[in-house]
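Going by the order they are written in, the chains are A, B, C, D and E; count residues from 1 in each one.
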Amino acid sequence: MYLAKIVGRVVSTVKQDTLAAIPLQWLQPVDARGREHGAPLVAADTFGLGPGELCYYITAREASIALWKLDVAVDAAVVGKVERIDLGETGEK
Amino acid sequence: MYLAKIVGRVVSTVKQDTLAAIPLQWLQPVDARGREHGAPLVAADTFGLGPGELCYYITAREASIALWKLDVAVDAAVVGKVERIDLGETGEK
Amino acid sequence: MYLAKIVGRVVSTVKQDTLAAIPLQWLQPVDARGREHGAPLVAADTFGLGPGELCYYITAREASIALWKLDVAVDAAVVGKVERIDLGETGEK
Amino acid sequence: MYLAKIVGRVVSTVKQDTLAAIPLQWLQPVDARGREHGAPLVAADTFGLGPGELCYYITAREASIALWKLDVAVDAAVVGKVERIDLGETGEK
Amino acid sequence: MYLAKIVGRVVSTVKQDTLAAIPLQWLQPVDARGREHGAPLVAADTFGLGPGELCYYITAREASIALWKLDVAVDAAVVGKVERIDLGETGEK
């Protein structure tokens, strides 16, 4: 799973039928210090997180598990909110 | 899922049998401001989107779900059209 | 799926049993203008394409679908030959 | 599988139900000499490794296998601790 | 599949149970000319290849197929040894 910051919401009315009623967020992956890295992406989010909140998300086939259905056409889903990361003594520079 | 802009159509007559009658688009991934990033790709599209339209697509095994069949030899498919992205107050710089 | 140019053939006699009799090509991914990008790869090819021909290929688990068997140890397979790409009016710069 | 160093622990109380009671580590991928490369990630860890320890992890769907359950919403899991890597005579420069 | 050179052996005694008795190699991906590119990785190898030998490997879920078991916690496995690559007339520059 990767860390990401919620940046916005994706508005899409013409979409594949299995995606009906699934909220889509616009995420920016970040590192442990909140610095952006990599390309932003669209992910399903059933937690209703708001802009600026930190989350972690899963990708590919298992993203459907987060929605409790295996036949949804998604490949990215938020699976939790991050309160904090406890860095160890030998932690990241 | 990632955002992409429809750029063109891929013409292929010699193809794997399960791909028969499935339209193939040529997509350029873009960010929330429409700037191109990353390599363009070929994706199945059952929405019939035209050049310049903004969409989001899924990849890998779950791309078949977008075609309502699980035995199609595709690993990328358009799953919706994007009207707009609402960026939050703490949105992307 | 990504575009690639057939570059050569991979000769391998010591290989996993499910790969017996499956031709392996050496592919170089290219963009719509034929410019190389990204790392070359080894892919199964049941079309018998020759050096210089343009194709598109799928990756990961669904590559097996292209071989009509689900238990083959491959993760990349050619699924079609590309005649041309019709770029739209707002096409790629 | 890739090598990584345990860097810290991810604290998350609001999370997808299947993730309950699964410890989440913050990993930094490293090469054979312990040099960091690539983006850090969040992974499930049932070994209870501590900061600074070297491990290897798997990703995507098979990460669930490491947890002995196939319906967990994870896409990365630690599968072993690395004692050392024996480089051959023609080893990496 | 990608080409790689065997670089060393990974020694790990504390590991996930399904990995017991599976030899783990340390691979460096290379191109057709043997030049290194990309990050080295850990892969299961049932061929017993030695340092310096050229192989190709598969990744993700299908790596288990190479071990004839579908419930092994691996996501990379060597599937063959490469004798040579025959480059075509229009081959890679």
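Note that contacts are C-beta pairs under 8 Å (C-beta built on N, C-alpha and C of every residue); 3 or more make two chains touch, one makes a residue touch a chain.
Predicted, not measured: the structure shown is a model, and the values here were computed from it.
Participant: Touching both chain B and chain C, which chains are there?
Facilitator: Expected: no chain.
Participant: Just tell me the minimum hop count from chain B to chain E, counting one hop per pair of touching chains.
Facilitator: Between chain B and chain E, the shortest chain-hopping route counts 2.
Participant: What is the distance, in whole Å, between the centres of chain A and chain D, each centre taken as the mean of its C-alpha atoms?
Facilitator: 19
Participant: Need the CA-centroid distance for the pair chain B / chain D, whole Å please.
Facilitator: Centre-to-centre distance between chain B and chain D: 31 Å.
Participant: Please output the residue numbers of chain B that touch at least 2 other chains, ranges allowed.
Facilitator: Chain B, residues with two or more chain partners: 60-61.
Participant: From chain C, moving on to its ring neighbour chain E, which chains come in turn until the ring closes?
Facilitator: Loop order (chain C start, chain E next): C, E, D, A, B.
Participant: Which positions of chain E touch chain C when the two form their complex?
Facilitator: Per the stated touch rule, the residues are 1-3, 29, 31-32, 37-38, 47, 56, 58-62, 65-66, 77, 79-92.
Participant: Taking the touch rule as given, give the residues of chain E at its contact with chain D in the complex, in rising order.
Facilitator: Going by the criterion above, the answer is residues 5-16, 18-19, 24, 26, 28, 36, 39-43, 50-52, 60-61, 63-64, 71-76.
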